[in-house]
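Common to both upcoming complexes is subunit A, partnered first by subunit B, then by subunit C.
On to the complex of A and B.
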């Protein structure tokens, strides 16, 4: 019986539920307000602030992927997850590589 | 002739139900849209990389610290976040087969998106009035390109959403319109995610 219930629950979840959208929305609001409050009130030094607001942004990205975009709810194999990971590797390479080259290896 | 006929004839026994084929066809299109989103991640990645490299290149001209007005930006942020949520509600109503709820929440989403664009365009116009243009310095070139590309994505999404509402009004909720709503809500959530990084990297780091 318990098994049957959890299965029905899973099926319902596959289209996302009101609950998952509300949780995602509330968490996103919190993760948006925190960095705004910290920056607008100069609550931390510069480097800790940058690290803090970047972590908040990445957390919000992850939350929206799972609660809004339902990343894990496709049939296996999840080609979208594989492609996304590949895309993120390229993204990090472009951004970190550009900053590194232009900061430390500029000619002149 | 026999050559071309053979593979066609061999297809028969493997034929799945028509409905299953159709469903697979629509889900492969959703996967294709994920591929597009990932190329878009890379597009925005290059713009963010350019912006990060040029973040001090104001050439003695106006700095972001002097130009940014955070109340408007914070309003834009919450408007776009709420519209991302309402586009999710539209998808929920679609799966319940509620056409009125679906179109209603799409209208709310589009109105929020339009207010976002209105605020952003007024912000840009005000900046130009105060003497900051795309040609002012490296910093402002990368600023207008990055933020403008995001705004362009939202504007295209608005036109797309209005066209889709008209189509749903005419044809109702069927596998094809369902797939189209799924795709546009993915697109809309994606634009909200990009905006979070614009807020963090461009605006919050700009006023620090």
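On to the complex of A and C.
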């Protein structure tokens, strides 16, 4: 805890403003509602729908990182970048791995 | 009205009509009454609240984790003995099929999630801040919240045994069996919510320890100078951060299936049960590494302390730990080779599984070379470490056998598999955490555990282990598969099953010896005179009094090498001058808070409401959670300073035990 002493002065440094939180919140709500509207009203074929949902998901991910996770705000973003890269590796593994494993299953 | 209520209580709410469960209900009721009476009689309610329930002190939270884990070990152990009794006498109807399913399900869930995990977090909490020279974890309030979420999650799961009905779809609850069609009862909902609530706590703990280790090390301590246990905690916590969200999402999807009638994992409506198996093992496989890595860390510290040598191959050890936690994310499909994903998939995951055995092998050699030409003392923690090595090597090699995908079609779900994972989990995790408990017990409480009784427990555990599980390898090869409660005498499995059951009871006896050991050591308490209880301590936790004062270090240590405390002792022994003491400064500490406890109670209420589909209960529960979050957000009085004269008084009083 005493280690925190040296940081005490920059504790009140900005962790995002009200404006950026509201923008982030509205954007993430919009990105959630759009896929629901598209799916519920049968607005696209199957493949375009899947692609559309995936794009919305990636955008959602970016919004969360920038507006709520304060990706840019650390002075030395080394750990942030390392965690992000590892996170992406795991994410790709989960998605690509699942698709790979489950394709065979769907065929069989 | 009243009659309806009583009907509901007796027919739906409480489980009735089973003598074993009735006995449990009566004894749970009686012990709760006894606890309330004892607390009132000794006027301990206030003490309980201010000293324990609201504490944010990492040492006390660690002790509460350990106590909870040992209670869960007892319950999981009793489940195991019931299973083994049924299998030794399969045709006596000791447990009917439904009851047997519930018991092996609870045994698995409790041992992994509510015994191994809290025992691990207990050791994290007690040891890590002391080893890195910090005064608490990075987020003490969050730490307290983690504990209480785990505790109430575990209680929610455990309560299903007497209220509403136990889950009985296996410890990972594969659909379609765990769907509404396969498990219409409430047990599966208790399973989901118990694990979800405690899972939030686990994730928060993982984040907490990553930040603590990266940000709060003593001045001068570089990453490559950290004690090996701290390294293992770092690798395990990173794995937690990336693995637990997968569990949360998977169980949430299962919850949506059950609660809202979706079709993620159903057989019809476009669902696919195999997807659940795929997802849950993406968490499940890293999870086994999450619990084994800290055990590796314990062994590393214990081996170097009691061989009086620096750990052999420090760098390769760090590399092995980190590569295990990375590769653990790429092996999950070996749990379902038989699913039929095709040769490419199986070959890939077989190879990754074999690869991950390499860093583990490196570690075994490192421990052996640390002992080579060391001055070994056979203390209790060292005994467990020595027993671990051969046990884990055999367990690891049967694991490599299982990783051969074509052969796995024979081994899959047989007792060969059961014997394998019990060997790595008991021989690795349980032995490791026992070693850790015995090793750091004097640091936690200021006294050592009795040696003689400990040796009895040690030998009974070991003998019991081999008697119990070696026959199960053979049974697996003879064709006995897991999860059934009856078999015919003409299968020829009974003799080996009887032997295995005898082994299980020997381990039960060993546990009794450990309880006796703790009670005996408390009764004939011999207070440690020095903070360096073993005399050979190498790392910073042994440089302060036992038990440590609430602020841990009156002056933060300056670190310039690994094994800082050992180097300092060597320097003084060689005639070096004691370092001049810096003047004391007021110490910044976090304030206790009741919010984590209250918030977790609300989580419990909400979870209970979800299980029973009681909107009137779950809505207030969730509102309570929200109010607690708000209350904390507007609480600005969260820390304080310990004045210098109080530190001086505490330090003077501790002089005797330093």
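Following the convention adopted for this analysis, the second predicted complex is superposed on the first by the 84 of 108 C-alpha atoms of A that agree within 3 Å, B and C clash if a C-alpha of one lies under 4 Å from a C-alpha of the other, contacts with A are read in each partner's own complex, and residues count from 1 in each chain.
Criterion: a residue touches a chain if its C-beta (ideal position, glycine included) is under 8 Å from a C-beta of that chain, and two chains touch if they have at least 3 such contacts.
This is a predicted model, so every value here is computed, not measured.
Student: For A:100, is the partner it touches subunit B (first), subunit C (second), both, or none of the two (neither)?
Tutor: Only subunit C; A:100 stays clear of subunit B.
Student: Taking the superposition as given, does A:29 touch the first partner, subunit B, the second, subunit C, both, or neither?
Tutor: First partner only, subunit B.
Student: By the touch definition at the top of the document, which applies to A:50: first (subunit B), second (subunit C), both, or neither?
Tutor: first
Student: According to the stated criteria, A:87 is in contact with first (subunit B), second (subunit C), both, or neither; which is it?
Tutor: both
Student: Between subunit B (first) and subunit C (second), which does A:64 come into contact with in this model arrangement: first, second, both, or neither?
Tutor: A:64 contacts subunit B only, not subunit C.
Student: May I ask you to decide whether A:21 touches subunit B, subunit C, both, or neither, giving the answer as first, second, both or neither?
Tutor: In the superposition, A:21 touches subunit B alone.
Student: Going by the touch definition up top, name the partner, subunit B or subunit C, that contacts more of subunit A.
Tutor: B
Student: Name the residues of subunit A shared by its contacts with subunit B and its contacts with subunit C.
Tutor: 79, 86-87, 90, 94, 97-98, 102
Student: Help me check something: in the complex, which residues belonging to subunit A touch subunit B?
Tutor: 15-18, 21, 24-25, 28-29, 32, 35-36, 39-40, 46, 49-50, 53-54, 56-57, 60-61, 64-65, 68-69, 74-75, 79-80, 83-84, 86-88, 90-91, 94-95, 97-99, 102
Student: For a test of understanding, state which residues of subunit B touch subunit A in their complex under the given definition.
Tutor: 27, 31, 34-35, 38-39, 41-42, 45-46, 48-50, 52-53, 70, 74, 77-78, 81-82, 84-85, 88-89, 91-92, 95, 186, 189-190, 192-193, 196-197, 199-201, 204-205, 207-208
Student: What does subunit C use to touch subunit A in their complex?
Tutor: Going through subunit C, the ones touching subunit A are 134-136, 140, 214-216, 238, 242, 246, 272, 274-275, 278-279, 282, 329-330, 332-333, 339-342, 345, 556, 585, 587-590, 639.
Student: How about subunit A: which of its residues touch subunit C in the complex?
Tutor: 1-5, 79, 86-87, 90, 93-94, 97-98, 100-102, 104-106, 108
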